[in-house]
Structures are given as C-alpha cells and as structure tokens.
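Here the structure comes first, spelled out in structure tokens, and everything after it is commentary.
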Amino acid sequence: MDFAIPESLTPILARMREFVDAHVIPVEAAFHEADDFSAVEARMVEVRAKAKAAGLWLPQMSERHGGMGLSLLEHGLVSEVLGRSPLGHYAFNCQAPDAGNMEILAEYGTKAQRETFLEPLLAGETRSCFAMTEPGRAGSNPVWLETRARVEGDTITLDGHKWFTTAADGAAFAIVMAVTEPDAAPHERASMIIVPTDTPGFTLVRNIPIMGEAGSGWASHAEVRFDDCKVPVTNMLGMPGAGFFIAQARLGPGRIHHCMRWLGICDRAFSMMCERAATRELSPGKFLGEKQTIQNWIAESRAEIDSARLAVLYAAWRIDAVGQKAARVEVSAIKFHVAKILRNVLERAIQTHGALGITDDTVLSFFYRHERGAQIYDGPDEVHKSVVAREVLKTYGMDPRAVALARKAAAREGDK
Amino acid sequence: MDFAIPESLTPILARMREFVDAHVIPVEAAFHEADDFSAVEARMVEVRAKAKAAGLWLPQMSERHGGMGLSLLEHGLVSEVLGRSPLGHYAFNCQAPDAGNMEILAEYGTKAQRETFLEPLLAGETRSCFAMTEPGRAGSNPVWLETRARVEGDTITLDGHKWFTTAADGAAFAIVMAVTEPDAAPHERASMIIVPTDTPGFTLVRNIPIMGEAGSGWASHAEVRFDDCKVPVTNMLGMPGAGFFIAQARLGPGRIHHCMRWLGICDRAFSMMCERAATRELSPGKFLGEKQTIQNWIAESRAEIDSARLAVLYAAWRIDAVGQKAARVEVSAIKFHVAKILRNVLERAIQTHGALGITDDTVLSFFYRHERGAQIYDGPDEVHKSVVAREVLKTYGMDPRAVALARKAAAREGDK
Amino acid sequence: MDFAIPESLTPILARMREFVDAHVIPVEAAFHEADDFSAVEARMVEVRAKAKAAGLWLPQMSERHGGMGLSLLEHGLVSEVLGRSPLGHYAFNCQAPDAGNMEILAEYGTKAQRETFLEPLLAGETRSCFAMTEPGRAGSNPVWLETRARVEGDTITLDGHKWFTTAADGAAFAIVMAVTEPDAAPHERASMIIVPTDTPGFTLVRNIPIMGEAGSGWASHAEVRFDDCKVPVTNMLGMPGAGFFIAQARLGPGRIHHCMRWLGICDRAFSMMCERAATRELSPGKFLGEKQTIQNWIAESRAEIDSARLAVLYAAWRIDAVGQKAARVEVSAIKFHVAKILRNVLERAIQTHGALGITDDTVLSFFYRHERGAQIYDGPDEVHKSVVAREVLKTYGMDPRAVALARKAAAREGDK
Amino acid sequence: MDFAIPESLTPILARMREFVDAHVIPVEAAFHEADDFSAVEARMVEVRAKAKAAGLWLPQMSERHGGMGLSLLEHGLVSEVLGRSPLGHYAFNCQAPDAGNMEILAEYGTKAQRETFLEPLLAGETRSCFAMTEPGRAGSNPVWLETRARVEGDTITLDGHKWFTTAADGAAFAIVMAVTEPDAAPHERASMIIVPTDTPGFTLVRNIPIMGEAGSGWASHAEVRFDDCKVPVTNMLGMPGAGFFIAQARLGPGRIHHCMRWLGICDRAFSMMCERAATRELSPGKFLGEKQTIQNWIAESRAEIDSARLAVLYAAWRIDAVGQKAARVEVSAIKFHVAKILRNVLERAIQTHGALGITDDTVLSFFYRHERGAQIYDGPDEVHKSVVAREVLKTYGMDPRAVALARKAAAREGDK
C-alpha cells in the first residue's frame, strides 16, 4: 500500500489550488451578494479562459476530448481542491450536471450528437441539464416515472413534468429520462432523449426557490414541463430502454466527484473554523481555540475528514481497478458517510463562528443551505444504506428478492 | 402533581390555534415569497386588529397594561401555539424583541418613559429594538462591551458599533447596552439607554444578510452605529450601571418564550413530517410511513418533543413559584436542550420531504435557516452548558471562583 | 398544571431515600464482590424486616393487599428513589418480576390462587418468576411462541423451552405463557399457567451468564425447560387464551416502574460523576470539573434526566387518569427514550471516572453491564419506536393494516 | 496512491486468519467460561508452539530478534487479523504489554538487560508488565507521578503505588516508571526501572475486578505496591530521566496496534451481526436483516469500519515514512476515532442479537465489557482530542504555551 499522491499530480493540484485562491474565490462575494449566477457569469467567462490557457481545462475528460486525461482517483483529488469554492468546478468546466452529460454523450452519443451537443459543451460555449426527478414520484424509486415519450416515425413526442432539473435556466439542451417502453421490465422502460430547450413544448416553469434563493443560470434548479414536445428520433441517446443502464454508468464516478467536492467544502470550513478559533478572543488574551469544546470539534472534524477522504479515494481506486459494479458497496457507503461528515463539519464551523456563522458574510451559510441536499440528491442516505446492507447480506446468504418471492408464495398459499 | 392544562386556558389556546390557522398561516406564503416583511406588513395590521378585537392581544402582559394577565407557564403554552407560524407572535403583539422591551419598560421605566415609549408599543403602533451584541466582541461574554455612553450634564453621548439588533429597521427606538461606568466591577459597567432611531448619530448600516436573506422591517437583524449620538439623560432606563441586572431580569422569561416558540415550530414540522409519511407513495400502495427509518424519526421526535415540552413548562412553573434566579439551572438547561431537539426535528422533517424539503415550497426551509441561530442567540449552547455545570458542581463543593483564586495564588507563589 | 410533589408523599420519599442510604447501599459491596445474591440474602431478610417495620412495605400494592396504596405516579417517584441501588426494590418487596406477578394474581387470580401463591409473595416469604421469552423465537414478536400447554381433563401438560426467566433460581412458582389455543387468532392463543418449580418436568437448565456473571437467586436469569410438566387445571390464571390480554395489563405500569428505576440509576451515576468532577485533581489545584467536556456531560445529563423524568411521570399520570390503553404512545415513547438516556449518563459517568470507572470498585460497572439490557427487555427500542410511529400515523390517516391488506389484494390482482 | 495489500503479505494474512480460526477461537469458550486465563494457559502453550512452527512468531519484531520483520503498516494488517480473538495476539507473542516491553528492551536495553529480560520474552518463556498508572493521579497527566526511586550507590530503592499494571500476575518482571529526578523539568523527572516481581518489597495487592471479572495471569490488571523495593542500578533502562522519552517512543506504534486490533474486533462483531441478521426470523419467512434499522446499522458500520481502517493504515504508513513525531496528529486522531467506532459497532451487534447479545454465549459481551476501556487506556479520548486540536491550531498561529505565558504575565501585571 502506498498513500503517496502520484508525483505527476502534485504540481497540478498545487496549481489548481493557487488558481482557485487567486481567481475563483474573489468572485464569490459578488455571486453571494446577488444570489444570482448571472451577476458573475461574465467574470466567470474570463476565469474560464485563464483556466483553459493554463492547461487546466476539463480535468475529468480524456485527452481525446480535450481534457487532462486523469484517472478517477486523480480527478477525485482535483475535485477536492475545486470543491473549496462553490464556483470551483465551473471554472474548469467540470461542473455538474455538464460533466455527467459530457460523459454519457462521449460514451453513448452518435457522431452527430457529439458534434451538435458535446463539442460546444467541451468548449464551454453551452451548458446543459439533466431532467430525471419528478415532483409526483419518489426520487428514491427512479424506475417509477410519469414522463412519457412516444416514438412515432421520425419523431419523439414528450409529455411530462420534471423538477430539480439543475441548471436548466440558460441551458442549450436537456437530456431527459422518459418512459418509451411502458410494458418492459421496470429497469428497461425509460430512454434518454436530448431535447433542445428552444423546442416548442419545453417550458421552464420556474427556478425553484431553494433554501431562500431561486438562483439563476447555472446555479439554479428548475421545474420544467414537456407538453407535446417533439424532437427527431435521432435525438435518442443510446438504445431505447437503455436509460437506466446509461444513468447507472454515470452515477459511480459522479458520486466520487460529489464526495470529493464535499471534502473540499469540509477543507474550507475546517480552515475557517481553525482560523476563527486561533484568533477570536473571548476576553483579553483568552482565545476561542483554548476552549475544550472547540478543540473537540477540531479534532473530531480532522479525524472524520481524513478517514472519509481515504475512503473516497479507495472507492475511486476500486472503480479504476475493477469497475463500478464491483465497487457499488464502497460507492454507496461513501455517499451517505461523507454527506454526514459534511454536515457535522459545517455545523461545527458555523457554531464556532457564533453570530457571524449564520450571516452571509462568510461562505459557510451558502454551504450550509445548499449542501443540505447532499443527503438527498443522487439517492437519499436511506436508500444508499439499504443498498449497502442488502449487498453485504447477500454474502451472508440472505437474498431479499428470493425472500420476498418465497413470502409472496407463502401468502398466496395462505389465501387458499 | 397535576399535568392537566388549566381549565381557564383551554378555550384560549383553542381559539388562538384557530386564529393562527385561519388568519396568520395564510399570510406566510407572501412573506416567504418576498423575503420581505414589508410585503405583508399591511395585511398584518389587519390581522392584529382582529386579534385585538378577539381579546387575544398582549398575552404576555398583565391586565394593567392591557394584556391577558397570564402566568409565565400559561403564556408558555400560548407561545407554543403561536410558534407554529413565523408570524404568530407578531399577530398578537408578543413578538421579540418588543415583548422583552415592554417588560423592562413596564418594570423599570419612569412614568415619562412609559408614556413615550411603552404605550405606543402596547398599542402596536410602534416597534422597538434592543442593541446589545457587538461584532468585535464575543456574545458569550456580555460584560465585555466596546460601546460607550458618556453622561455629561443633561446629555448622554453614545459611541459604538452593534449588530444583530433585531428589528431595528423601522423601529421607533432602541434600548442600547453601553458602558457608562468603565471603572466599576465588570457586571456593573453598562447601563440601558433609550435611543430614538431618528436621533442624529444613529445609523442603520445594513440589514445583515442571514442565511440568504437580509429581510426587512420586523423580520431583519441590523448592524447599527452610534457616532456622537446624543440623547437626554432622562432616557436612561433604570439606574446607571444596572444594565446587566435589568437584562438578566428579562432573560429567564425570554428563554421560556423562545423554547415554547421552538416547540411550536417542532409541532408544525412534526405534523408535516407525519402528513408526508402518511400520504407519500414510494411505489403504488407503498407509503413512506411504512419505512422503519421514518418510523424511528417520528417516534424519536415524539419522545423528544414531549419530554422537552414538560421540561420547559416545569422551568416556567419554577420561575412563577420561586423566581428566575432560583430556576437558573432549569432555564439554561432547556435553552440548549430544546434548541438541539428543534434541530433534530427539523432535520428529520426535511429529510422526510426529500427534495421538496429543501425548497421554499414549504415552511421547513425557513425554519431550518432562521432557527439555526437558536443554538447561538440568547447565549450559545456552550455557555449555557457551562452555567448549568458550574451551578451543579457548586452543590458538590466545587466553586470555580474559589478554585481560580487559589490557583492564581499558587502561581504567584511559584513565581517567587 | 402543578409540578409540586404531593405533600403527603414528600416525607415518604425522604424516609425511603434515608432507608436506602442507611440500610441498602451498605449491602451492595458484598453483593458485587460475590457476584452472587445468595451471599447477601440473609442480610436482605433483615433489611426487609426493617422496611416492613417502618411501614414502607409493598409501595406498589393497594392497602387491601397490605401495601401503601399509592397511585402509579406516586409509586413512580418511589421507584426512582429505590432505583439508586440494585437492591433497592428488593428491600421493599416491589422488585421485578414479583411485583408484576403480584399485580396479575391480585387482579386475575382465583381466591385459591391468591391464598396459595399471592399471600406468601406479599409477605416476602416466597419469590416467583415469569416465563415468557423463548430462545428460538424473537422476543419482539410475542405472539409467536413454541411452548405448548395441553388441557386434558383436570390436567394441563406443558412442553417448551424458555429463557430469561428472571429469578427462577429459588422461586416458588413460575407464571408461564404457553399456547393453549393454537387455532385461535394470534393474540388469543396463549394462556398463563402457574407452575410450582418443584413440579416434575420443570427443569432449571442454568442461570445464564450475562455480561460476565451468571448470578444466583433473585439476581439471575434462568434458562428453563418444561417437559411433560403437569399441573392441575386450576392453575390456569385467568381465562384460556387470555394470556396476552393479562400480560398487556401488566406492561404499562411495569414500564413506568422500569423507567423510574432507571432514572434512579441516572441519579446515582450523575451524583458520582459530579462528586468525581468536583474533587479529582488533574494537576495540583486543577479540578476535573473545570474541563469543558466534563461540564458539557454534566449539563447534558441534567437536561436529559430532568426532561425524561417529567415525561415518565406524565405517562404515569395519564395511565392513572385515562388508563394504559389510551396512554400507549406515551408509555412506548418513554421506554426507549429513557433507556437511551440511561446509557448516555452511564457512559459519561464512567468516562469521568477514567480507569476507576471500568473497575468494580464503584457500582457504575454493575449498572453499565446489567442495564445494557434496558434497550432490549420489555420490548426492544426498535419495537417501541414502531408502536409509537404507527399509532401517530393512524391519526394522519395511515392505517398499516389497511395498507397491508390493500397491497396484498393488489399483489394477488397482479398475479392473475 | 495504491491501496493494494502488499503481495508478499497476502498469503501471510491468509495463513494467520486460518490459524486463528482453527486454533485460537476454539480456545475462547473455555477462557470465557472460567473468566480465568490460567484455565487455558496450558492449551495456549501448545497453540504458541504451533504458531512458532508455522513461522508466524513475533510478527512485530525484526528478523534480528527472531521476528517476521514486518513494517508497521504490515504488522497493522496482521494485528487486525489477530484482533478478531481476545487470544489472537497472545498466540503469536505480540500481545500487550509484552510487545511494547520487547520493543523498548530491544532499543534501549543494555546487553545484559537484553540477555536477562528480553531473550526469555522473545522465546515466550516469560511474561512482563509495565507499571505506570497510579490510582491517586490522573492518567491523563503522565508527568505527575508519586512513585519515587532513589538511586544510592549501586542500588535503586522504589516506593510507590501503581494500578492497571496489566498482566502483572505471573509476570517475571515489571518495567516501572518512577521519579528519579524530582527537580528536573516535568518531562525529565521519571526513569524506567526493571523490577523482577520476586524482588522483596514488590507486592501484587490484587487483580482488580474489572467489569465483573478480576481475571488472572496474562488477562488481568493488577494493583501493585513498591515498598522499600531495591534493585541494582544496572536495572535502569535507558538514561536517568529518560522515562517519558522512551515511553513516547513506544506509544505511536502501540496505538497503531491497538487500533488495528479494535478493527479486528469490529470485523468479528460485524460478521456476527450480519450472520444474525441473515438467519434470524422475526416471523416465519421474515428475516431480521429485512428491517431497515438493522440495514442502517450494517451500512453505517461498514462505512465507519472501512474508512477508519484506511485512516489507521495511513497513520502507520506515515510513521514508517516520516517517523512518529511527525505523525502525532494522525496517531492521536485514530486513537479516539477508532475507539468510538468500536463502541458503535459493538452496540449495534449486541442490539441485533437481542437477549442473546447480553449473554456470555457469544464473545460480544466480552468485547463490550473489556473494550469499554479503549476510550480510556493509552490516553482518554479527551486528551487525544486536545492533542490534535492544539497541534492543528499551531499551524494557524495559536501556540497555547505562548498564550498561557502571556496571560500569566498579564495576570501578574494586573496584581501589581
């Protein structure tokens, strides 16, 4: 075992950290003050140009697609550095949901789809969104969708209602999960369909107000409707019915990115907590950091962050080594585990800042509000825990599906 | 021991609950949408008129002051009912910080002060604020203030910087804690001074953005400055140097009100969680409330809320019976205990709502953001825990002051 | 609402506390040293004689049965005082499982049963046990029992295997839950049968070693077998099939007693923690109680104990007022809530004692080990949480039974 | 970064795991039943002979001393495998406290000391103990010792009182921490002195009853006294006053061993929990492992164990790479972090077993009782948290020593 960070990556990480400190963090204040991404969009164009010039563009993509060609583990380490700022990933064009969309377009897109939709994304000229979650259906049960897409001749017609379509505001297109094969097995009912946002029948109902802010542009989460919304059949991404298969392919790496981004947030919050503890006086010459409760928080945060970080890197290493299917226990485990630690660290950092901690004068309030969702998006904690447990219990001989079938049969028997 | 709610109070509580449901909760949406109290101020004038007409005005004040003449325990029960809405207390003119200011004006104000400042407050014609916390000084150490007030002849001149002056925006006057006797013992340095907000030298710097919103009017927390700000000496409230004494007098009941208000929030969040659990389907015919994790949250919340509620009512009963000094352990204990339960219940309610829980489509997000401060304002948890422990340890023979003195002496001895 | 302890009870509680301190606690050391109740049984006979002479005998029984005639709430307060010592309840003849057995014999026993079995129990001349839990069946599902009792003519023949038959060692008789009506509805299958322990076919297999000790006599938990064990049909207690009905009747008050006893343990552990904190030096003149972590533990324990205590007394008051069926949410809620607080307080008290805390030189280790079961016996936490949640959710329109039936129907429909 | 276990180690770990399963775990029942190590000592002699024959002896020692020559990280992985049984480390002669004593004798012992004391230890012919903790002094402040050793001519005379001298019962010698230089700086006052246990003046007062058992032999913790106890001056280990320096040298690796051993316990408890969940029926065909609460426990345990394990291996890797002084934050962090996870996992495993979990029919009760000390021995959690926080805060410019000195000076100034 060797815990050393790859030598080739060390200078890249250092340069990225410097870049974030020098060019990205200074933009935050304007972003937070306006509660509005459009207020900083122009500045971010400049920042992105600098990132591209510095050769730090698209860290998550292969060199073939103009990216840096990093392994998942390596990009994980990058993601942590960028996560320190809410604008970090955007600066390098590896932000959700675009990063995921690039990934699936690169892998499953036709040549025409790649040219039309992927190329401008890679160049940072457009943005995209991913429409899956529905207000009327539990996100924890992704195979139960209401949105329908009928394929008739050369046309696909979509009808449905989605929300939490992140960054739909200003996006060039949406990748939409919709049921095309209602009679197939549950996991084979939905397809992915590319819908340009200027298609008639596509309506952005609103940017949903979340934790006090509706946001705008990339930093927003939309409610959208599809009403008799028609796109050509060439806009289907991958095979009909392959929607979940493709979505799965994107989820493992996506969770690594999220977790490492959260650890970047932890890193920032931890530093702020320590800075505050080391400098805030409770009375002349008596520092906050001398209080044992604050010391407990610092120590517990240090231990939690460091061990969680290793767990995420290990999961990334496993995916790199054996693929994400074999690593699904590790991936689900870090998803809920790191989300919890993120909350712990933010809570402690805020409390350490006292009244200042609840103001928007620091970035803590932004993280506190906008990462409450970490325990919900990409599968709520409760679902990931069940996934882990069921996988583990299978190795102890308990197969819930077999059990359920047996019990069903027994119940039927009892009914006679 | 008799846990029955006083018979005389039962119909009052029922009427208040109906009033809140019928007249106050319907105003919430407009309040939250605008993030701005001014958007609903006019409607709240009407609501207040109705409350007054219904004989439900000033539940916390004695009949002599036009109030309902309830005991602290009784008003605690009222406060819980009103706490279910962020606008509940305002509707009945028992909102912070005015309620506290009315209390000290009624008790310590001169006849002239009562006529000028208290009467319009009681009538609901004006609002007020209380300026104590300072940005440069730890709120946990209230005797260490920078704001100074010089008394010279008939004039008091204030200089200083305050923040978290709740509801300063639009207030008629502030009650300001300022050091008038810098050479006195720490607890005898500050006085309370009434400063009309139109006094030259009083500046409202800004409504502080908190958890995403700066708010306005009653629902805001200001940063204010006093620069060579002069008021007549007759604006001193109580004796010179009595600031802390008076502040203390206000704190015990104030904490009962806060705790019961938080339990009102818990009540609302708990109901919403149960409602959601009982109606949200995970798959056809499979309800969220059948999941054991949700059941655990409901049961733990029920147990926590019910036991905390009794503890707060007990503390109120103790204050009614033996005074707040004798009840200080109980009061400090409920302050941090209920704040924690409030957080637990809100966390669970949000998680039960999934994505909906982090939107502003329900009131949960408002409570989640604006009551994060419950663990900070009126003394952070950490301070209240130390208060409780030190009081308890005295009864076991450990007097921290004596210990500190002895150690200081030992240190000096060692230096020789 | 009136939180004052009934005046008539105050002197009784004071006398009981003094009695426990003077006569019971001094016996503990010998009990713990020997890990064997028989080592102190003779001394406890004397203690009991004193208790009887002092008029403090059978606090839980009505005066008609020679008891003190207290309400459930009053006996709760007594139970807390006695719980401070592991031998407290035994001293006054209100210990489990005898107290429960007395209760059901008094209520459901025939005249002959009362004379033969109840009278000697009340007099403290015999002991008894209650055989319900089975090693092969989940205690959380009490209607699923393997033990069978066939009624043929004048004879009942028992066959089965029980464990955690508390205090069977030395008991005069067991009250046994056994299935007599296997074809009845699940809750109407079992009956209660009185089995003298000298009946052929009754075997005490062993006192189960629990947390390091098998114990003996009253302080033990036996594994027992019934093999072709015959008793006269007159030994049936209550109606055939009424076993669960009677067991239920006993459980509500039993849980109040347990919870108040646990709060007595909390009281003792809390005192020890404070005593230690106030006197242990970390360095010359620097006391453990000055450390903020210890202060946090003291404060949190104080808040948790006080609020839990009120919740238990409230539940007792509810049972006294409206009966235990109407109070089942409150009763289940305190069961898991207080068990958790008991664990919290013991953990903190042990940690405050450092190395001493894990030795048997204090009573903490005994409580830590032997009350780990508090989260398991009389229904594990998980079951009580589900009970609370399901009852609460019914009031929100979710009836799990109706839901289950509907789903079953839907599943059958789907099978067609 | 490479998380793969070294290829050379993989077969060794597999053989050790098999050895533990085949030869060590079968001895446990007799050990637990007797509560007495002497009951299995003879069998363990045979087991040890087999381990030696298998080339699995002394995994922690260099090849020069007859050991396996593993790195600290490698031995960490071994320690986890052995930790699954309370007798695991003993079987391979790498048990505390002997492993630590071997380490310091090997490094600091004179040739004569090594021949007399180390050689028989390495061979497994003798056992040893380490006498540091004192009943009257806080273990968290190791520089404050009462035990004195006077060096006069060729003789050292010890006087003092120790407890928690693990495995003193039957040990050939003790390494004793005693103050030889009372006037030196606090960390330079104590020396280490080798005291054969048959020296007049050495008294084993008792094996301390801990969590219900006094134990015996290797599995015991003694209270010992030194009364005018004389040993030759050649029994001083290392330089006079070097006691703490040497003790420190031993602690870093020792904590890695403890943490990995605890993770071995976690591994065993986790397996038992899963086994139980997968096989225990709640009702016919309804398995415990289908309950969501159990699933939560399994998932949370999996996440906690896996991340903690990586953190410990990382700390070992850091010590191997940069030495334990540079790794002190990591070492203190894992000490309290893993101790907490150990407790979490044991709690969940016990609760999953229900009544069975509190019996001694499984090994869980042994671990639950005897590893409660994990949060206390080798530095209580609270001390390690302060160590971590203070080290971290130094990097933010807060040096507690400088702060303390400054405040002391200010206080003196104020006294004038």
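We call the chains A, B, C and D, going by the order they appear; numbering starts again at 1 in every chain.
FYI, a residue touches a chain if its C-beta (ideal position, glycine included) is under 8 Å from a C-beta of that chain, and two chains touch if they have at least 3 such contacts.
Chain identities (UniProt): A, B, C, D = Acyl-CoA dehydrogenase domain protein.
Owing to the predicted nature of the structure, the values given are computational and were not obtained by experimental measurement.
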Have a look at B-C versus B-D and report the one with more C-beta pairs in contact.
B-C
Computed over C-alpha atoms, the centroid farthest from that of chain B is that of chain D
Taking each chain's centre as the mean of its CA atoms, how far is chain A from chain B in angstrom?
38
Measuring centre to centre with CA averages, how many angstrom lie between chain B and chain D?
50
How many angstrom between the C-alpha centroids of chain C and chain B?
42
Give the residues of chain A touching no fewer than two other chains, as numbers and ranges.
284, 291-293, 296, 382
Please give the residue numbers of chain C that touch chain B in the complex, ascending.
1-6, 73, 274-275, 277-279, 284-287, 289-290, 292, 294-296, 298-300, 302-304, 306-308, 310-311, 313-314, 317-318, 329-330, 332-334, 336-337, 382, 384-390, 392-393, 395-398, 400, 403, 406-407, 410
Would you tell me which residues of chain A are touching chain B in their complex?
33, 35, 133, 135, 138-141, 144, 163-164, 208-213, 280-284, 288, 291, 293, 350-351, 354-361, 365-366, 368-369, 372-373, 375-377, 380-382
Listed in rising order, the residues of chain B that touch chain D in the complex are 291-293, 296, 408, 411-412, 415
